[in-house]
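Take a look at these structures.
Here chain A shows up in two complexes: once beside chain B, once beside chain C.
What follows is the complex of A and B.
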């Protein structure tokens, strides 16, 4: 048999995803350096980022609250490998529970020495305090917060 | 409900399979499964087919794979396509079971096919499966999720968990040496593991599954047909599926509590009161080393935070009292939509005594597991020789 052919292919499709009213208000808040969450009056949890409904109580949420720009680092990882089409390494990601929120959300960790992977457990700690570092220019994006800096 | 058994299994060679097209790979698995239980495609009442479209860069490949499934012109066979991420293969097994247990069909073919190697970067594909509004920005794929699990497990339960992840990495790759259908066959040492580069800390290259092409076909039959066609079918004693939140900040990621709930349900259905004693072999979905350890705990083989103890005692290695993934597991072979069904196929082969070089002696009960989604979905099945 002859050598099997391989036909090159590529998907280049553009989308516009509707963020919905809850995330839209959250993103609008980031422009003003405000972080909005939403409280479930049934289970008292505060969701950051906000959602239309509480997945536990299955009720609609309308009680907006503002949470602090400081929080706790719940977990962290450090990306060392370049994955094609994804951000350039090295970079650290954390699940961060903001003060006043019940659950953690994902963001970059910054001002952290990532040069030696074996030192990561000495540099980043589960439970350490972090603070949001804001971008000078904010346009209503999750990246209006540049990253969270360990305190 | 009727009793349901697996009567035939067809595995393909895996790895980079650029020698065949998507539909030719599906055909290869089905042809083998039919031959192994001496059936013809016209003996199959219905087909359930699974793939994860974007890994292979084809939307709805069932459109042209149908001809390879015996669902082309002239046969009029019922066919259903299923896509549920890493659990796709297990969803296929569950759906095939439901089709037969309902009494609607006597013979159902489940077929999972995937060509992960045809995309340039699997993590880029996986990044299309995260929340597009906020999370996507951060470049998340599957390895990032597993790294969060390992980091959290490490900080919460065991600071040297890496030493046990090393054991899992070595055991699975060595088991794969026994499996002619495995992709990675690596005879590796501790030194190889510790010199393997970090991809996403704390996970190294050797903590991670490969990007594999492969397919698997499994034939499910009613008790009437199974008894007629097979001397030792693999009977399905218990099965189930569970879902959870997408959001990682909403659930514990150091312990798979929803898998623990599912395991209790499934073992109750299978009348298994002590899984550690009654299960003889387990095919777990270990796409990353840490996950195998977490699965020991969630399934009830070890206490929470202590899964690593099984490795200390050698329990889950090939010659241990409860071997895990004698096939080499997902760590050695991961054609994603097929991987869950490969777990079922391997468990069935163990129960039927047909696992050849990777056969464990005296298997009565085997389990097969798959996880998928954002650390979110699990499927579990118990198979037995009686």
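What follows is the complex of A and C.
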């Protein structure tokens, strides 16, 4: 029997994702260097990014709050492998509890030396204070914040 | 009315080194035909077919358009779940428990037609997590990092879990990778995403697993000693990684509580003989121990796999990672142990088994966990 074929393929499908009113307002805020969250008046959680409903209390959320551009690093990872379609390594991502929020917010971590993986626990620490570094040109994207850097 | 597993079938498993690959639905046919032939059943005897496949990884929308007939479901009651295959088993079980049907085939196949890590970037929302370069490994790494930090877990403890799982694989004739990985091998391997090292991350292999399940009277006609599905449970957590607990598997804890309460399991370590757990990373295996109440919070490293507590006799995901088909593989391994048909790695006293299914795609956000409890 001859060797079975392997046929190359690729999906290129264009989407225009509706961001919805909550994420839209959040992204608009980023243009103005404002980070909006939303508060659940039932459980008092402050969610960033904002969302229409509290998944725990199952109530609609309408109490908008502006949280700070500073926060506390809660968890982090550092990518050392080149993955197809993703940035060149190394790069770090952290979950950050922004001041004024109760839930954590994911973003890149910058201005940290990631060259030696074995040193990561000394360089990045849970509880470290961080601050957002903004792009000069902002267009209503999560990437309007370039990254968070340790204070 | 009881529902039991009466037969299992596997296709061959292979990795990327094999060029002469079959399609995922050809593997579904092979695994299902083997499971049916084993007990002398044909597709006409089957009422219900449930598959587990994920369209994105199969590279075809509605991927069960192909598996539907490959598993024997031509002009029959057939459906698909894009979840870990333990959920396909659970859906089939519920259909039989409803009293409307008597026999079901459950199947899942994994192909190697795509780079899973690359494709997994589409799991995440297009507004926040996707632009931040998330893939399923980074989701798992965030949980592992959180767990390590919360309980001050050294990576050697995680490496010991890899060693234990691969030692089991070395004895399991059906494990795909049979080479034992030592603690030292793990620690010497490179970081892929800190804190996950290369040898902590299971590599996807291709293959298919099928089960045949039946209601009590029919089951006994085809198998003298069916393995009964004693109970099932599954729970889903929220999506956002930042809005839930990352160092504890709450959804699995809830599923375990539901099963333990219903089946009067007071001490799971004593009351259950085998555990097949979804070691997507060794840190997750420690978290699974804690969610299943095998040990206290943060003490997952204390659990030692031995004759009195048998964990992942199959060799775990690290040895045979069939992505969404992994759950059915683990159920099939427990079935063979409990049926005294495991071969080289057969253990004594395998009366009751707990299988943990982790929905690998939703698992990037540690979302859905399921439990299947089997008994003789």
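Simple rule for what comes next: the second predicted complex is superposed on the first by the 151 of 151 C-alpha atoms of A that agree within 3 Å, B and C clash if a C-alpha of one lies under 4 Å from a C-alpha of the other, contacts with A are read in each partner's own complex, and residues count from 1 in each chain.
Everything that follows uses one rule, which is that a residue touches a chain if its C-beta (ideal position, glycine included) is under 8 Å from a C-beta of that chain, and two chains touch if they have at least 3 such contacts.
Remember, it's a predicted structure, so these values are computed and weren't measured experimentally.
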Just to be sure I read the superposition right, which of the two partners does A:64 touch: chain B = first, chain C = second, or both, or neither?
neither
Of the two partner chains, chain B (first) and chain C (second), which one does A:134 touch, if any: first, second, both, or neither?
neither
Touch check for A:53: first (chain B), second (chain C), both, or neither?
neither
Going by the contact definition given at the top, which residues of chain A touch chain B in one complex and chain C in the other?
4, 6, 9, 11, 15, 17, 19, 23, 49, 55, 74-81, 83-87, 93, 95, 103-108, 117, 120, 126, 142-143
Which stretch or stretches of chain A touch chain C in the complex?
3-4, 6, 9, 11, 15, 17, 19, 23, 27, 45, 47-49, 55, 74-81, 83-87, 91, 93, 95, 103-108, 117, 120, 126, 141-143
Of all residues in chain C, which touch chain A in the complex?
19-22, 59, 115, 117-118, 121, 126-129, 131-135, 138, 141-142, 145-146, 149, 190-195, 238, 240-243, 246
Tell me, which parts of chain A touch chain B in their complex?
4, 6, 9, 11, 15, 17, 19, 23, 49, 55, 74-81, 83-87, 93, 95, 97, 103-108, 117, 120-121, 125-126, 142-143
Chain B residues touching chain A in their complex are 18-20, 54, 57, 120-121, 123-124, 127, 132-135, 137-141, 144, 147-148, 151-152, 154-156, 159, 197-202, 245, 247-250, 253
